[in-house]
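Listed after this line are the structures, all set down as structure tokens.
Next, two complexes with chain A in common: one pairs it with chain B, the other with chain C.
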Partner chain A sequence: MVVRRVLRQLARLLPKKKKSLQAVESGVQWEKSYEAAELKQRPVSARLVENVSFLNEVLGHNSDFVLREIRLGVGAGVPAALAYVDGLVDRAIVSDTLIKGLTLEGRMAGLKAGDAGDLLLLAKNFLVSVAAVKEAADYFALLNGLLYGEVALLIDGEDRALLVDAKGWAVRNIEEPASEGLVRGPREGFTELMRTNTALIRRRLRDPNLVVEGLCFGERTRTQVEIVYIRGLAAPELVQEVKDRLSRIHIDGILESGQIEELIEDNPYTPFPQVFHTERPDRVVSMLLEGRVAIITDGTPIVLVVPAEFAVFMQAGEDYYERYFLATAIRWLRYIALVTSLTLPSLYIAMTTYHQEMIPPRLLTSVASSREGIPFPAFVEALLMEFFFEALREAGIRLPRQVGQAVSIVGALVIGQAAVSANIVSPLMVIVVALTGIASFAAPVFSLAITMRLLRFPMMVCAATLGLYGIVAGLLAILVHAAGLRSFGIPYLAPLAPLHRRDLKDMLVRAPTWAMDHRPTELVKGDKRRQAPGQVPRPGSRRPPGGGGGGA
Partner chain B sequence: MLRGVRRAAGLLLAALFVLAAAGCWDYKEVEDMGHVMLTSVDLTHRGKFCLRVQVLVPAALAGGGGAGGMAGGGAARGGGARKPYRHYLAEADTLFEAFRDLTTKAPRRLFFAHNQVILVGERLARERGVGPVVDFFERNPQIRRDTWLLVARGDLKELMDVSSILDPLPGRHILGVVDNRDLSSRVAATRLGDFVEMLESPGREAYTGVVEMVPSETVSRIGLTPGAAGPDPAKDIRITGAAVFKGDKLAGFLDNREARGLLWLRGEVRGGPVEFALPGGGRVAVEILRAGRGAVKLEPVLSEGRLSMRVRIKTRVNLVEAQAPGLELDKPAVIYGLEEELSRAIRGEVEAALARLQGEYRADAFGFGEAVHRRYPRAWRQIKGEWEGYFAALPVEVEVKTSIRRTGLIKKPLVPKGGDKIKGIQGG
Partner chain C sequence: MQAKEKISSLQVIYLLVNVVGATAMVFLPSLVAAVASRDAWLTPLLATIPGIYVIFVVTALGRIFPGKTLVQYSEIILGPRLGKILAFLYVVFFLHVNGIILREFGELLSSTILPRTPQVALISLMVLLCAFAVYEGIEVLARVMELSYPLMLTLFAFLLVLVAGHMEPANLLPVLEHGLGPVLLGSLDPVAWRCEVFLLAMLFPYLARQDAARRDGVIAVVAIGIILTVDTLASTAVFGPTTARLTYPTFELVRMAGLGTFLSRLDAIWMIIWIVSIFGKVGLFHFATVVGAANLLGLEDYRPLVAPLSILLVALALGQFGNVVEMAHWIVFTWPPYAYTFEIVLPTLLLAAARFKKAR
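Up next, the complex of A and B:
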């Protein structure tokens, strides 16, 4: 009973259910807001004056909205208007191609008012020499295009608007990905512009089966999202599942793929990441070739890939470009670093407070002498230092670079020197924290490193209360939890549990390229073979590929 | 969703309760513990156990102490830096009582998991026997079975104070010396676990190494400043020979040569020097290459109602020193001659041990009884009651086979200019 009451009290502290989005009044707009549903109801008027006045009503007070009235054809001409949002369009196209084409060339072509009715078609087919044009019949489509960098051509007497694609805004160049550097391999990274990103993928994958399907999310941001997969490799159920989950999203804004990630992942209540994200096109292509599905979000260089099991987070793109001996060694280094970053502080706590007999005698003397005079128990000391370290790391990320240096100096001096010489923490603890930090930086994917960073603290509590037994219990709990997870239907610990011996080639080791003949078992149901078998290179062998292993 | 969160919170809370209720009960910080590095037990004049433990003083080690005040430590510094250890002493009728009596004096909880050496005083070993001591230590989970159990000769109080600048902790100092045992193979040091086995198995008496104090020949007690006493005692620890038990009581000691003989028969020789004189003058020293347990065979022979032992030892050595110019080491015949001399020298060692143990102590530390038991179980059952007498009269035939593998980097002995060649063993 008491427990129930305490729990109830505790539950009161937890956040209450949020009100539904519909109920929230947007008080930002001072005049009137135009909802999508309402706009879709209103067709484009045949009278130019009406259309212009509507556009002015909706967008007219924006300083970046431009409405240029022109006249088409000979004589007095037909009144028409070009509308666009300045900054989103390429002005050269607007003035050189559109205005010139419509006015000057229209006049030369002898366009007359009588041609009305076909005028829009004429303009579309003969006058507008721009690659992509489309027609908009309602105000929603019109505004949608306008706000996505298209130029709207409205002609008097036409109840449709012509949307001319003249997108041209400032974009970042293709640069080396900041979060995923490598020594050997392509340097290109995704940019914020989705088209560039799909192009980066297509350039590496000239397969007609590569599918890029577009979707649009966000009631207000209307963010373009595209899913990319290879027909025939990606399981149809998987593609359908991705589409289904995406279609369930109803949100006012998508600013980064992280929001999509949180909205589509299988298990929301777990610290483990279940969606892979990367900035590298080559990484995405290699995962597409394994039968995965990529989700590209406009406005962010981070591309999501699903499904993503644990093993994926331990692989780095470079693994496949370096020779396999090194890649395997490095991979094991990463596994060790992962376990270290999770358990080292808790091991230190357990050993120094419960299992002193496990410390080798000579080490014990240094442990004992370094702990001498420290006022805090090992657990508090470890917690304190880990807190310092995490705070330091956080401070280092957010601050401008010039100040960031000062932070690291202060941090190193305060924690590394002063705290030790003031006998607040033991030098050994500093080493433990530093090692843990380094180990957590060794993770190839940041999202898994964060998981380990978080889980470290409960592990420390386990170690401080139950010693090694607690650590083992904690690790088991984590293992059981991870084994129960799924990412888009794929068991999280996939090649290990359930065991697929063939796939261990890319988990425990990084097998040489000529040995990795198969795609992951869990992912690909159809085309399992990745390459012809028996391609072990040996001098003098002239056998055609595929002749070695008895044929594919 | 809220239900899920509530359930998760409930589970978390429950886990916390469990941890709080069940955890921490044996929680102890390193710095709250007194780490015992060396333990000694002896008998007082009133017949009580006298327990002495050496507790690590971490603070003295922290500041680079220990070594402090060694060389230049003048009178001004008095005893120099603090010693990195502190002794506690207790006397009682049982060891447990003594151990708990220590806790009334020591400010920290004593912890024995890192105690690697237990010293047993000669007096205790001789008069009371080590049985009760070993029983206690074997029972105690904190004491490891690989702890060295050694017999100490001389004043334990002083002996436990002997350290060196190399190892400021006396306990570790002794341990370091014991760890070198295979380089000489003249010390029969034994671990607690093995000692217990020997103590309990019939037909085999226990033995272990001996620790004694010797005056240091290199460190002078007199400092540069007149009257200033250096903090380092002008004494050294030496481990030597063996202490042989009969039952759990000390029967007597073996010197280094006899201890080597004992180790040969136990198959415990794993290195160390053998030197021997050549008939034609000059001396040669060889180093034993791992002889190991398989290299010795104890064969009891029962023929016509008479029991005798045949002992076969096989060993391989490297010649490391040849004080014999003119010795033609590249001739096989010379090597064979040397091997014969070497076998004789080893036989001498074994016979010395046999003589001492059979003739004087009548204690079968060799495990002959065990060998008989294994080979002739029926006969053993009849004679095991009077084994001591049988052992003392047992004829032992020693057969040693040696082979010299290498002669070092140079082939011929070094001959200085104008030096006389000694006539060594001639080949062929």
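Up next, the complex of A and C:
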């Protein structure tokens, strides 16, 4: 009994101790923050005074928050208030349309308290001459609108707020995309404003089946994200899968589509990109026509497209506008460049370290003489040069343009000239590194080029340890890995493995437009035909192309 | 165990062609030439017939037990006890043969391009790669083969064209100097090799089109026949009866390939082809081992068995033979009866038993 009592006493002591600790911790006074759940619970009050005081409580101390009290109608008028965030709205709309409309025209129209029982409706229907308006019943919706460039109209006696779309913030103009240049083709690129981006797509695709569905992400940033697809072309399972994966995202902020990409891809542990991204609306439209789904994120000009298999990353938008002979040749050039950028340094290492006998005699003499007096083994030499080359490239990207010049001069001199004459690296190694660099720039999509850049280093280690066998083993490992990848259910190496002969027309070659009759096999289940077959141009024959196209 | 992964007809053909071609292309010409001399090129043609027979037996079994592997239906046919013993023997057979393949691979690599690297490193890396592929699944292995095989065949044909200048048709004459006897004797080894296509029996649950299995198998066997005949023909035409004295005739053959003075030493290309090919073969055998073991133990998923069996495989590959001569001796004398038992006799008996059981 005694023991139990003592224990009970002790137990009573313990929480007390904790409490005192807490008191010490909370020495700093936190300002009250308003969580989404709490705001959703709180309806808009019918008394204007209450609404105004609450808005002031939440946003009042912000210097860019504006609350303008007005009076509506004849006589003393009905008290009302307009609230908005300065900088997000077009001031001309607020003063010329809203305030003028509500006060001056309201007075002329003889609006007075108790009119038709619903002043808000009257204002909405007759006084506010702005196209997009909506009502908000709770504070979450109200604040959400306010912070997204809408003007809130609160009227005394109304338990709802009217949100008037008056977005007018500074935006960048439509420019030519900096990261994807081309010689022939449209110059327009996406901007940071989502609406502009959807408009750029819609203007190229006047199909009523083009669907633009909006979602909202980020507990705090509340970034608008829209998925775009063509009904009847994009497989319904794919669209559903995209929505499912997007709906699983719970994050405080989305600043760029890259974050979404990492949150929705199939295989998180791989250097290979599985989501395509582009700045070009024509590219997105062409992929939508193949049955893919685009994801547009507000605040970034980079639009994601899924699914994206390996082949997509080897295509450039211009391929389809250039003559097909040229486009095919260039595509092959890219494949060779890709393999080169992955294996050239490791081949050099393997050949000079292990398989001198495999180098043709004449080349061997020049290799040997160029390596004369180099203190490092080929691997160290290659690693050193590749490291400096990558560092140089990285330095070149971030530096201000004026300094960038200096970097390239220093780089060229130090790496190219001085290192060779100081006998630190062989001239052949410089050539190898330069060729590798050029080859990696030839990749049409930056994200795949980065993958190859990254994989080049383990390949070099393989070559240094096991020579040619190491290289083949490394390549096989990469191949096995890539063959096991999927992008939204599409095998990554399709149409090569698994083989779809019909789709090789856009993989191994770029078939002429009149031969691309079908959409990719893996993607489209329904409307497979892209165009009427047999449209080979034949001069002289006046026959119109065979009966109606299959396209939507 | 219902497999979700499926491999297409074309993929099956590539896998089967590769499983025989990978090692046969390296060793076969000289082994056969030792017996059949100039007529060595006839033996791969002859070996096609038993190859087709094995395909027929295996697909007949597959038809009786759709979606089941050899290991699974041997238990059904022979009852749990005897069946388990046979199934166990098969798993051991797969593992053992795979060890020999790996050793062949290690020996060739260390005697040609990497003389100073210990074989344990060479073999371990290959097993690691194959284990990775098996872990990723048969689909992945099949896709890798589908991607690389056409390329490999094209390159090999290209090499043969370059060697053509060294070929001496007179080396092939006279045909059948000593009658059919040596040719028949010489085809014992190719038959054992060819009948490795019975691995199809382990792939049945993974076939996208089980009904086309027989057709695919026969196509594969015939394709191997053509490839190996061309290979043997080329080495005999170049080296004549001396082919028998070369350890790696095809390797020596491609060494002679060249175009002018700038394109020489193309054996590197062949080496690359061959490493990929061996990867396909060891991978498929390893897959058969692992799936067989999983079937034997009644496991749903074979993946937990990949790592332990891989380690066992490395040990087996290293410990089996003292040197390459010992291995060659084994391949010539022990391998044919050993292979015949598991690849031809036992499947035939299983089929007979299954038919008998069904009839009763």
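The rule is simple: the second predicted complex is superposed on the first by the 514 of 552 C-alpha atoms of A that agree within 3 Å, B and C clash if a C-alpha of one lies under 4 Å from a C-alpha of the other, contacts with A are read in each partner's own complex, and residues count from 1 in each chain.
The rule is short, and it goes like this: contacts are C-beta pairs under 8 Å (C-beta built on N, C-alpha and C of every residue); 3 or more make two chains touch, one makes a residue touch a chain.
Just so it is clear, the model here is predicted, and its values are computed rather than measured.
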Partner chain(s) touched by A:Gly484 [first = chain B, second = chain C, both, neither]: second
Touching partner for A:Ala37 - first (chain B), second (chain C), both, neither: neither
Touched partner set for A:Tyr269, first chain B, second chain C, both or neither: first
Chain B versus chain C as contact partner of A:Ala170, first or second or both or neither: neither
Partner chain(s) touched by A:Arg371 [first = chain B, second = chain C, both, neither]: first
First, second, both or neither for A:Gln356, with chain B first and chain C second: first
First (chain B), second (chain C), both or neither touched by A:Leu466: both
Chain B and chain C contact sites that coincide on chain A, given as residue numbers: 354, 357, 359, 466-467, 470
Footprint of chain A on chain B - complex, ascending: 1-2, 4-6, 8-10, 13-14, 19-20, 22-24, 26-31, 33, 35, 37, 56, 58-59, 61-62, 111, 113-114, 116, 142, 169, 172
Residues on chain A engaged by chain C in the complex (per definition of touch): 354-355, 357-360, 362, 466-470, 472-473, 476-477, 479-481, 483-484, 491, 493, 496-499
In the complex, chain C residues that touch chain A: 8, 10-11, 109, 113-114, 117, 121-122, 125-126, 129, 132-133, 136-137, 139-144, 146-148, 261-265, 267-268, 271-272, 275-276, 279
Chain A to chain B touching residues, read off their complex: 3, 6-7, 10-11, 14, 17, 269, 352-354, 356-357, 359, 361, 364-374, 377-378, 461-462, 464-467, 470
